[in-house]
Structure formats: structure tokens, C-alpha cells
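Next up, some structures in C-alpha cells.
Here come two complexes built around chain A, the first alongside chain B, the second alongside chain C.
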Partner chain A sequence: MSAAAVTTERSLSDVLVSPIRRNTWVLALLGLLAVLLVFTKLIQPSYGLAGVQGLGISILPLAFAAVAQAVVVIAGGVDLSIGSVMALTSVIAASLMEGQSDAFGVAVVVGVLLLGVVIGTTNGALVVITRVPDIVVTLAMSFVWAGCALLVRSAPGGAASPWLLNLVIGPFGNPWIPKAAIVLVVIVAIIWIPVARGRFGLSLYAVGSNQLAAFRSGVSIGRTKVLAYALTGLFATLAGLSLTASTSIGTPVPGPYTLESVAAVVLGGVSLAGGRGGVFGPIVAVVVLQIIQNDMTFLNVDPNYALVAQGVILIGVLVFGSVIEIRRARR
Partner chain B sequence: MSKPSTRARSLAMLAVIAIVSACSSPAASGGGGSSSQGAKQYTIGYSNGGGVGNGFREEQVCTAKAEAKVSGQVSNLTVIHRNTDAAGQLADIRSLIAKGVNAIVFNPNDPNALNPALAEAHAAGIKTVSVDAYVTDPSTWNLYNNQVKYAELGAKWLFDQLGGKGTVWYTRGLAGHPADSDRDKGFQNILKQYPNIKVVPSKQGVFTGWDPAKATQITNDFISSGQYDHIDGIWASGMGKQIVDAIKAANKPFKPIADADIGGFVSQLLDPTKFPSLKGAAVTNTASVGGAGITLALKLLNGEQVQADPNAGRPNTVLLDPVLVDNLSDASKTQLKAWISVPGMDPLWPLSLSIKGWTTYDANTVPSTCKGA
Partner chain C sequence: MSASVRTNQWLSVVGWRGLFRDRPIIPLIGLLGVLIVAIELADPGIVGPEWAGVIVRASVPLAILGGCQTLAMLTGGIDLSVAAVASMSGFVTATLLHSPGGVAQGIIVVLVVAAVAGLLNGIGIGVFRVHPLIMTLGMSFVVLGLANVWQLQNVQTGAGVPDSLRWIGSTTFADVVPYNLLVFIPLTALILVGLRRTGYGRLLYAIGDNPVAARLSGTRAWQVLIVLYVISAVMAAIAGLLISGLTNTASVSLVDASLLPSVAAAVIGGTSILGGRGGFGGTIVGALILTVLTALLTVLGLPEPSRQVLFGAIIVVVAAAYTRVTAET
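Presenting the complex of A and B:
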């Protein structure tokens, strides 16, 4: 019996059944979200409009960051430079938009998004060309991009075009629907659905699942990885722009988004080994993490316990995932 | 890149990432001051978006808890004290709005970034008070230390010690920080009045970044390059302890130094055996803005008139004036000793705990109050 052949076969079948598995996880996560919302309403009976609107805008930067991380993790990589890319694109946008017209602001947004693609492509090209592990290359690049951000602006400042603020702050039609949530869903759907449905999406999952098998099936590993990083750069830039849009400034020092995005991806049902998961799960995970944080505020929990709780939840998810993995492997 | 063992690779990666992530990921929190005597009327939220473990920030949160407790008017104080960015603090303020508190007191991460959430707070009828730094939101009250005056007091004392003539080493804080810019303004104001005072390394001074390690490094370099031998006095922005320690380690004679009321520095001023003939002055930079912020919020909630400072340069602003205490007379030494004798004080905390008219707690009980609260 050839172990390699079995492994290959199983991984390929995983690619085929992954939508079902992914949905199971996401459904469970949505269940958790519902339970948390009920729990929140119980401990904070006045939780309502303000809470939901606050939630919508609060999750936006991390939600885009989580989508960015999910794309590259599905392709079998990991990007530790997301937080730095967010800082860099955010300061560039805020610096260029300061005191300029709305039309110029639109040009800035388009330009910065293109820059994000270039940044992501650079990360991906370095990973593919140097063959140094993703985690090392992107960690190194995180310092490069963070340094660039500080060169652009040494202290927080700049401004966002008013239309950018209006795009994400406040309700959309119905007072219960935050604009930020619409922006998130629409943008992610426009970019991700064609990708996931298309040839590139298949290569993405194939490369992340088993590089050798993907290679033998005629998938270009290098090109797929570079494209994945480019897409991650694009989503990281959207995250950076949401920082600018929600705070109206650019901050050169990266926030805690890189590792939080990894946490959201893990909780969102994306396998860190690659090839499994989607971008919807991580977004729900970000909402769950933010609600947990709100509940901590409502319950007056000491920050130290809250940190411990988050770490425990994360490790619990990882252990749970590994147990399922091992059981599947035995079958 | 081949994958000899996917699971081993991923698990190793996960272990590292999960642990690091768990240690650095954010968490909202609390730890409220609570019960004392009757008449509880208000719930207050407190947001501090940075400097967890920093002496000034910890003491500030502590005084807020102490003041809320003794005021008898706060039924619940929710503290969100975590390291985050402006977007994270926006999320924290919005959680406090969702909690339905009556007032939000906060130390802002940025003067402009929090404005949308502050406007939402006002729309919900919540009073907002910014402490330690200002925000540009027109409906928020600002309460912070007068940093221009901080620098003026220390500089004047120092230049007078030198008889109005000599060379002063000008060590600053963090470039671009509003408090540092204000202090520079004050320093330059006084410098203009003393034409025979020379400033090194330049009129712009040298930045310590308020980083103890960097301050020590800068001082060591300054001494080893021989420049220390040619100065007559030092103006410092809170890193006095590190500077004095470095001078002592290099076995050089001390020179008059003006710094802040940090515990470590004041102990040096009061220790003539270890630090013989060290002349120095501590200017208060009280971290009790936290407690004062609670008082201000309660005044606003009770509809009391609050007097804004006309010299602040912005509306709705209360400036707290610093005081200077040196170690040259017995009376002033007694004051320094009183500060430092508060039980449970951390050496990294600023010492002055009470602000007349703004704090009502017993300063001696502050460290123990916040640890218990």
C-alpha cells in the first residue's frame, strides 16, 4: 500500500468535499454567534441599535484583515505583514487625502488599492523566488512595510475624504443595518465569489491542499501563490483604508491586526495547513471575537482574564480541529 | 517547498502563533470601583487605549477607581484598559455607549480619530471627558496637565540655580507628542528670558522617547564623549532617574537637574549618602487626571457649572497647574518625603496624587484602593 498515493487521494477528495465541511463549521459558528447575541441581550438588556451599529463599524478593519489572511492561508501560506501593510496604506491614504477634493480622494483610494496589489505581489514573489518559508519572508517584510509607514508619517495624522467616512459610518436605510456591514459584504462578494468560482480558486485550494499533487495536475504553484499574495495585499489595503475611514487619520504604527487575523482565520474554520476553508467563516469569527470583547465590557471582566479567555478559546479550537483531523486520518 | 509533514508543520506554526496571539490580542475589560455609602446615581465608563504597564497610565486608571469609589455617586465604573490603536479605542467607546453608561472618561489615542464615536455618545445623552490630552470634538470636555507650565517651572528653577549663566543639557520626551511639543514651548519661553544660558546639543534638545533604556544610552554616550564635563545643568522630561543613575555609574559629579515627580527620581533627591550633593527639582506631572476626570464627569452629570480655562486655546478645557518642589530646603524635603511615603507606591509612578478641588480621596489609600477595586 502506498502511503503517498493514499494521502494524495484523500487530499483531492478533501478539495471536493470541502464546501460541505466548510459550511458545517460556518453553521456551527453562526450558532455560536446566535448564542452570544442572546447571552449579550441577557446580560445587557438595553443592547440594541447602538450595539449593532457599533459592532458593524468596529469589526470592519479586522474583518478585511481576516479575509486577507484567509486567502493566503487557503493557498498554504501565511502573511505576517498584514498589519504593517494596513498601517502603510492607511498613512499613505490619509496623508494624500488631507485637504483635497472628493474626486482626488477617489483617485487616492484607487491608487492605494493598486499599491496594495503591488505590495502583495512583492511578498508573494519573494516567497516563491527565495523558497524561504512564508512565515519568515512575511515577518521580514512586515518590518519593511512598517518602516515605510513611519517614513511616510512619523506620527498619526492626515485626514480622510468626508465621503469615505460617510461610506462606512452610520446606518444604511433600516437603522439596524450598519453601512460598514454592507460595504464589507459587497466588496468581499465582488472580489471573492468570482475568484472562488473560477479556475484560480480551484488552483488556490489545490496548491494549499497538496502542492505536489497540484503541480502534477498542471497547476502553476508559483503563479498561484503570487496571485494569492496579491489578493491578500488587496484585502489588507481595504483593511487599511477602513482604518482611515473609521478614524479619519492614518497611524504609522501597526495595530494588533496581523495576529488577530490569524486567530480569526483559525476560528473561522480555515485550516492553517492550507486548502480548506473560506472567507465567510473568518468574517463571522471576527464578529464573534468582537461580541466577546463587548460582553467583557458589559460584565466588567478584568483584562487579564479576558486575554486568558481568548487564548483558551483559540487553543480549544485548534485542539478540536486537530482531533477531527486525526480521526479523519484514521478512518 | 515540499511538505514532509503537514500536520507537524502546521502544529508547530500554530503553537507559536496561538501563544503569541493570545498574549497580544486585545480584550476589553473592567474592574469597577463599586460599593460604598448610599446615593449611587451614575454609571461611568473609562477607556485607556494604551500604556498598560506604564507607570503614568496605571496610576491614572487607579486614581479614577479611587475617586469613583469615594465620590459615592458612581454605582458602576467600567474600565477598558488595554493597548490598542485609535480604531480599537473607537470600538471600546462604542461598547461603552452600548452599555448605556452615563458618562465616558477616556485618555485619547488621537485628538481627531475618536470624534465620530464621541458624537454618537452625545446623541445618546452621554457626557464625555478627555483626560491627559485633548480631543477636537466640540462637546467633549478636556482636562490635562499644563505642560507649557511644567517646562517653564523646571527651566526657571534650573536657570536660576546657575545664576542665569551656563550650559544646559536639554533632554526631551517623544518627538511629535503633544505634551512634548507643549513642554518645548514652555522651555523656549523661559530660555528667551535668560540670554546667557546656552543649550546643548541644540536648541531642539535630544529625544529620549520617554524610553528608560534609550535615556540611559543617550546619557552614557553624552558622558563618554566628554560633553558632560562642559555642562552646568540638566533639564529632563521624566527620565531624570535614568540620567542620574548613568552619571553615578560613570562616577561623575552631579549637576543640578530639573525633572518630573517620578518616584525613582525623588528617592535619589532624598538620598544624600548614595547621591551626595545632588541638587534637583521635581515638577509635578500628576497622573491623577484619571480621578480628576471622574470628578469633572460627575460635575457635568449633576449640571454644575465648570470653569473653562481661557488660556487653554480651546473651548471646554480645564488645565491643571503643576508645582515644583526641590531638595534644597528642609520644608521642601518634607514635602518630597510625604509624597514618597505613600504605602504601596510603584517607583515608576508620578508621586503627586492629589489635585486640589479635583480629587477627594485620601492619597495614602490610593495604591491599595485600586489594587483592591
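Presenting the complex of A and C:
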């Protein structure tokens, strides 16, 4: 993956510069995030603990959804069924946990996570077996999973186990650190870091950047894609569960998460062509988008302009990015 | 997965597969026939001229939206802003009902607004090379947001779907032939002739089939793409007018539910999402298939959730069968 790993001799400047160069996009996003936080504090001097805690819980579902989308986009696919999978897993969890003991709730969470892997594997297997483009298969499957969600429960309802709510709501140690942020970082790190560092991660990026080259170097494309979708299913389920945890009910109708996850992934520096990017960038992008939305509320802007702003930012950032890319290519 | 194996398979049955590949519309019409027979078996006596009229009337807007996707997909793109543009068009026309210029003014305004949205899409995709999925997605946020803002400013003035739109969108001649064909037939003729007989149509295929070859042979892709997305947005606006006339509602989210079916119609109709292959004829049949399928699932008395599940499953099966038959991925 990294050119640095191939060469045996590395100068000090290489060690320092290359990670920065490789992560320019994410670093720029973090800079934007810092600017936005300062701006928020300026326009809303009372912004503090409550704001940060609210931010933590409100980004959780979309952050997991963005990670889910990032995994499959890196592998050169796209999953348009994430919103539906979230709705399905969220209603199943909320319906089963209602009025049950904590121990049963844990079992439900584990079971639902396994179900998410099965759902993702199904999506992936269909993509590989039918050879129909990813976008078409997952689009059609979004109807299937959304229909299943409505079969489980036709109206919002159910409940989340108290421990699940406690897991994500409130501060962790220091009052400034939302539990939700810890949960997000820990879970994503536990799942993603071993994956990205291992063989599978390598084949994931290989398949995404050049399918033919990956095939010729002995990577099983079908298996890699199915595993990528399985991982996406797992993260989408985590997103669904955090939806249940943050609203304490299950809603069978998919939210806007599918398309917003695509937007967050691209803003987070993952190329839709595949093979480039990580899961950290999309998470930062989700935080940035949420802060912008909050700021517009503080500024008393009509909330509908927030939607316009989201679109303009999405387009603007990408136009900016591609202008830089085009310039670099000309040099 | 091996490319060589696939080629051999393809060559051995090049005869009938070639036929389906070149004339994808034949198996599709067969499928449509099967669905019609199925619906007649499920509810004897339902199929008749009036039923056909209802089906055609419902298919026309979907076929136009599918046409937007078809044109975009021929170049290897996609247009996710069609639903927002179409909803905006129906809604804004309704709010302009009492303006001095009346309905005509409203329609002109929305067509111009749609064209601007399409122009921006085209500039983003053609000049700045933003991925079409993201560019049109961002545009759909912008259009929907602005439509919402417009809605809040017009709460007092009231809105109603103009009679003329209701007439063309929902009424039928002699209870059989829907009047929305008055819009659809000229539009279809224009697209079919445009794709087959004009240089511009060939450029769409060329860009999607092999962008490098197209560029080397002197195609200015950005110009083609800008025109394409303007056409797509204007068509979406026209579809939105027909849908608001058909349903007699004006809402900023009216067409949202048709976004994914519009992609499905183009895909089922044999247009490759990878570009360079397909056509509008197949999309029309695809839209008819989706409408008849929905009608069939309703006739079978299935509840809405089961219908959704089957709808999605059938799209996968049809797309898979289609890919197998034509040996294209």
C-alpha cells in the first residue's frame, strides 16, 4: 500500500512528510473542523458541555453509516441499502428489547449484529454472483430490506434496553468527552484497524483500485467483495443500533442516511472510483456537517437553508478538490 | 470471473445472445406479456382497454424520469437530482397559479429553474469532473432546500394544481387514451431520433463507451455533458408537471418515491449503468414493466411491505437474468 514500506532506506523527511502528504485531505478537514468549533464558540458563547454532548449523540448513527459506506466504496462498490438495513436492524432490536431484561438485551444486540453480517453478505453475494453493477443490486435490495423492516413493525415503537441508552448517552469520565464519541472510536478502531492492517485490507484496496491487476496478482475478487459487503452490513447494523439507542425506539422507515453516507464518504476523502481513503476522514466529515447544521440553527437561519448549504458545501468542496487534482495533473 | 472464459461462452452462443444484445426490447416485451397474463389470471377480466389506459397513464411520468437516467447512464453517469427537480417543478407551478402570467408563466419559470440546475450539474460533472452521483446528489439537496424555503414563503398565498395540468396529467380520451401521451409521444420521438440519427446522440454513446477514444477523436466531453444534464433536468421538470397533474397534489417531496424506480426502469430496460449501451425504447418498456408489476402485486392483495420486498427481489432477478442473457457486466 505505502510506497515507503517497499524501500528499505527512508530519510527523516520521508518519514515526516509522507504521512502528511498522504493525509492532506483529512488534515484539511480537521483544520476546517477546528475553525468551525471556534466560529461556533464565537457566535454562541454559551456553546459548551451540552453542545458537545448533543453533538456526540447526534452524529453517532450517520458516523457509523459513513464508515459502513467507506468500506464498500474503498473496495470499488457502493451500497445504496445502508439506510434500509439501519431501519431493519433498528426495528428488530427495539421490538425484541422492549420490556426485557438487560441480559436478553445483550443477546439481542449480538444477534442483530450477526444478522447485519448476514444481510451484508447477502448483498455482496448477489453483487458477485449476478455480476449486476453494485449500484443496481443494492438499490433493489434497499426495497427488500425496507420492506422487511415494515413487516417487523408497521409503525415506530419498541424500546431500547436502559444499558444501551447508558452506553451512548452522557459523559465519559471528563464531562467534555461524550460516551458516544468513545463508543464510536473504540468500535471502529477494534474492527477497522486489524482489517486495514491485514491481508484482507490489502486486497480490499487492491480490488478497489484495479480489479484486473488485483485478480492477476492472485486476489480473490469475489471473496474480497463479499467480505467488504459483510463488513458494511456490520457497520450499518451498528448505525441502526445507535439509532435505536439515541431515539430509544425503532423506526421502520429509512432515514436519509444512505445518500448522506455517500456524501460524507466523498467529503471524507474516499474516492468513489475505489481504492483510496480510509474510515477516519468520513467520520470527521460527519462531524463537520453536523456542526454546520448546528451553527445555522444558532444563527437563526431557516433550517431549510441548512439543506441547501449541505449541498453547496458538498459540491464546492469536491469542485475545489478536483481543481487541485487537475492542476497537479497538468504540472 | 475470468475474462477469457466469458468471451468463449459468449462466442459459442453469439447467435441468439447477439439478437438479445442488439434488440433487448424483445425479451423485455415478452416479460411484460407474461406479467399481463399473470395479472389477468390473478383477477380475470381486469385487463382491458381502460386498464391499459390507466397503466400507460401511470407509466408515462416514470418513463420520462427513466429517460433522464437513460441519457445520463449512456455517458456512464447518473442523475439523482431528477426527483427533487420534478417535485420542485410541480410545486412551484402550483404556487404560481395566481401570478399575473398564470399557469404558462409558472411552467416557463420552472423549466428555466430546472435548466439552471441542470446547467450547474453539467458544469460540475463536465468541467470540474465531479462524480455524477455526488454532483447530482448535492444538487438535489440544494433544489429541495430551496423548494422548502419557497414553500415557507408561500404558505399564505395558497397553492393548487392548475386545471390544465390536471387535464393533461390525469384525464383520458374516450376513457382509454391518456392525454399525457400528447407530451410523451413528441418527447419520445425527439429522444429516439436524437439518439439514433444525430451526431449528438452518437457522442453520448461514444463518451460512455470509451471516454479516452472519444477524447482522442476530438469530442469535447464537457460540452456534451452540459447539454445532457440540462436536457435531463428539463425532462424531469416536465415529468414533475405531469405527476402533479396526475396525483392532483403539489408537494416538495412528491416525486421522491420515484427516484429509485426511475433508475430501475432504465436498468431493466437494458441500459448499462457503466455507459455506452442501451436506449430509450427499453426504458419505456422497463417503466411499463414496473407499473404492471406494482399493479400485479396490488391485485394479489399483498400488503405494502411484502410488495416492496418482492419489487426489489424481482428487480434483482430481472437485472441478473438480463446480464446473463446479454453477457455484459
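Note that the second predicted complex is superposed on the first by the 298 of 331 C-alpha atoms of A that agree within 3 Å, B and C clash if a C-alpha of one lies under 4 Å from a C-alpha of the other, contacts with A are read in each partner's own complex, and residues count from 1 in each chain.
Simple rule for what comes next: a contact is a pair of C-beta atoms (placed from the backbone, for glycine too) under 8 Å apart; a residue touches a chain by one contact, two chains touch by 3 or more.
Since the structure is predicted, the reported quantities are computational estimates derived from the model, not experimental observations.
Trainee: Given the touch rule stated above, what does A:141 touch, chain B (first), chain C (second), both, or neither?
Mentor: In the superposition, A:141 touches chain C alone.
Trainee: Is chain A touched at more residues by chain B or by chain C?
Mentor: B
Trainee: Please indicate which partner A:215 is in contact with in the superposed arrangement: first for chain B, second for chain C, both, or neither.
Mentor: After superposition on chain A, A:215 lies in contact with chain C alone.
Trainee: Check the residue A:298 against both partner chains and state whether it touches chain B (first), chain C (second), both, or neither.
Mentor: It touches chain B, and chain C stays clear.
Trainee: So, does A:151 touch the first partner chain B, the second partner chain C, both, or neither?
Mentor: In the superposition, A:151 touches chain C alone.
Trainee: Return first, second, both or neither, reflecting whether A:272 touches chain B, chain C, both chains, or no partner chain.
Mentor: In the superposition, A:272 contacts both chain B and chain C.
Trainee: Have a look at where A:187 lands relative to chain B and chain C in the superposition and call it first, second, both or neither.
Mentor: So A:187 meets neither chain B nor chain C here.
Trainee: Under the stated touch criterion, which partner chain does A:323 make contact with: chain B (first), chain C (second), both, or neither?
Mentor: second
Trainee: After the superposition on A, what does A:133 contact: first (chain B), second (chain C), both or neither?
Mentor: The answer is both, since A:133 touches chain B and chain C.
Trainee: Of the residues on chain A, which ones does chain B touch that chain C also touches?
Mentor: In chain A, positions 78, 131, 133, 135, 154, 259, 262-263, 266, 272-273, 302, 304-312, 314-315, 318, 322, 325 sit in both the chain B and chain C interfaces.
Trainee: Spell out the residues on chain A that touch chain B in their complex, using ranges where they run on.
Mentor: So the residues of chain A touching chain B come out as 44, 46-47, 50-51, 53-55, 57-58, 61, 78, 131, 133, 135, 154-156, 159, 165, 169, 210-212, 243, 246-249, 251, 253, 255-256, 259-260, 262-263, 266, 271-274, 290, 293-294, 296-312, 314-315, 318, 322, 325.
Trainee: What does chain C use to touch chain A in their complex?
Mentor: Counting only chain C, the residues touching chain A are 1, 78, 80, 120, 124, 128-131, 133-135, 137-146, 148-149, 152, 260, 263-264, 267, 272-274, 304-313, 315-316, 319-320, 323-324, 329.
Trainee: Which residues of chain A touch chain C once you look at their complex with the stated criterion?
Mentor: Residues 78, 80, 126, 129-133, 135-137, 139-151, 154, 215, 221-222, 259, 262-263, 266, 272-273, 302, 304-312, 314-315, 318-319, 322-323, 325-326 of chain A touch chain C in their complex.
Trainee: Name, in rising order, each residue of chain B that touches chain A in their complex.
Mentor: 1-3, 6-7, 9-11, 13-14, 17-32, 45, 52, 76, 78, 80-88, 90-92, 94-100, 109-110, 112-117, 120, 124, 175-177
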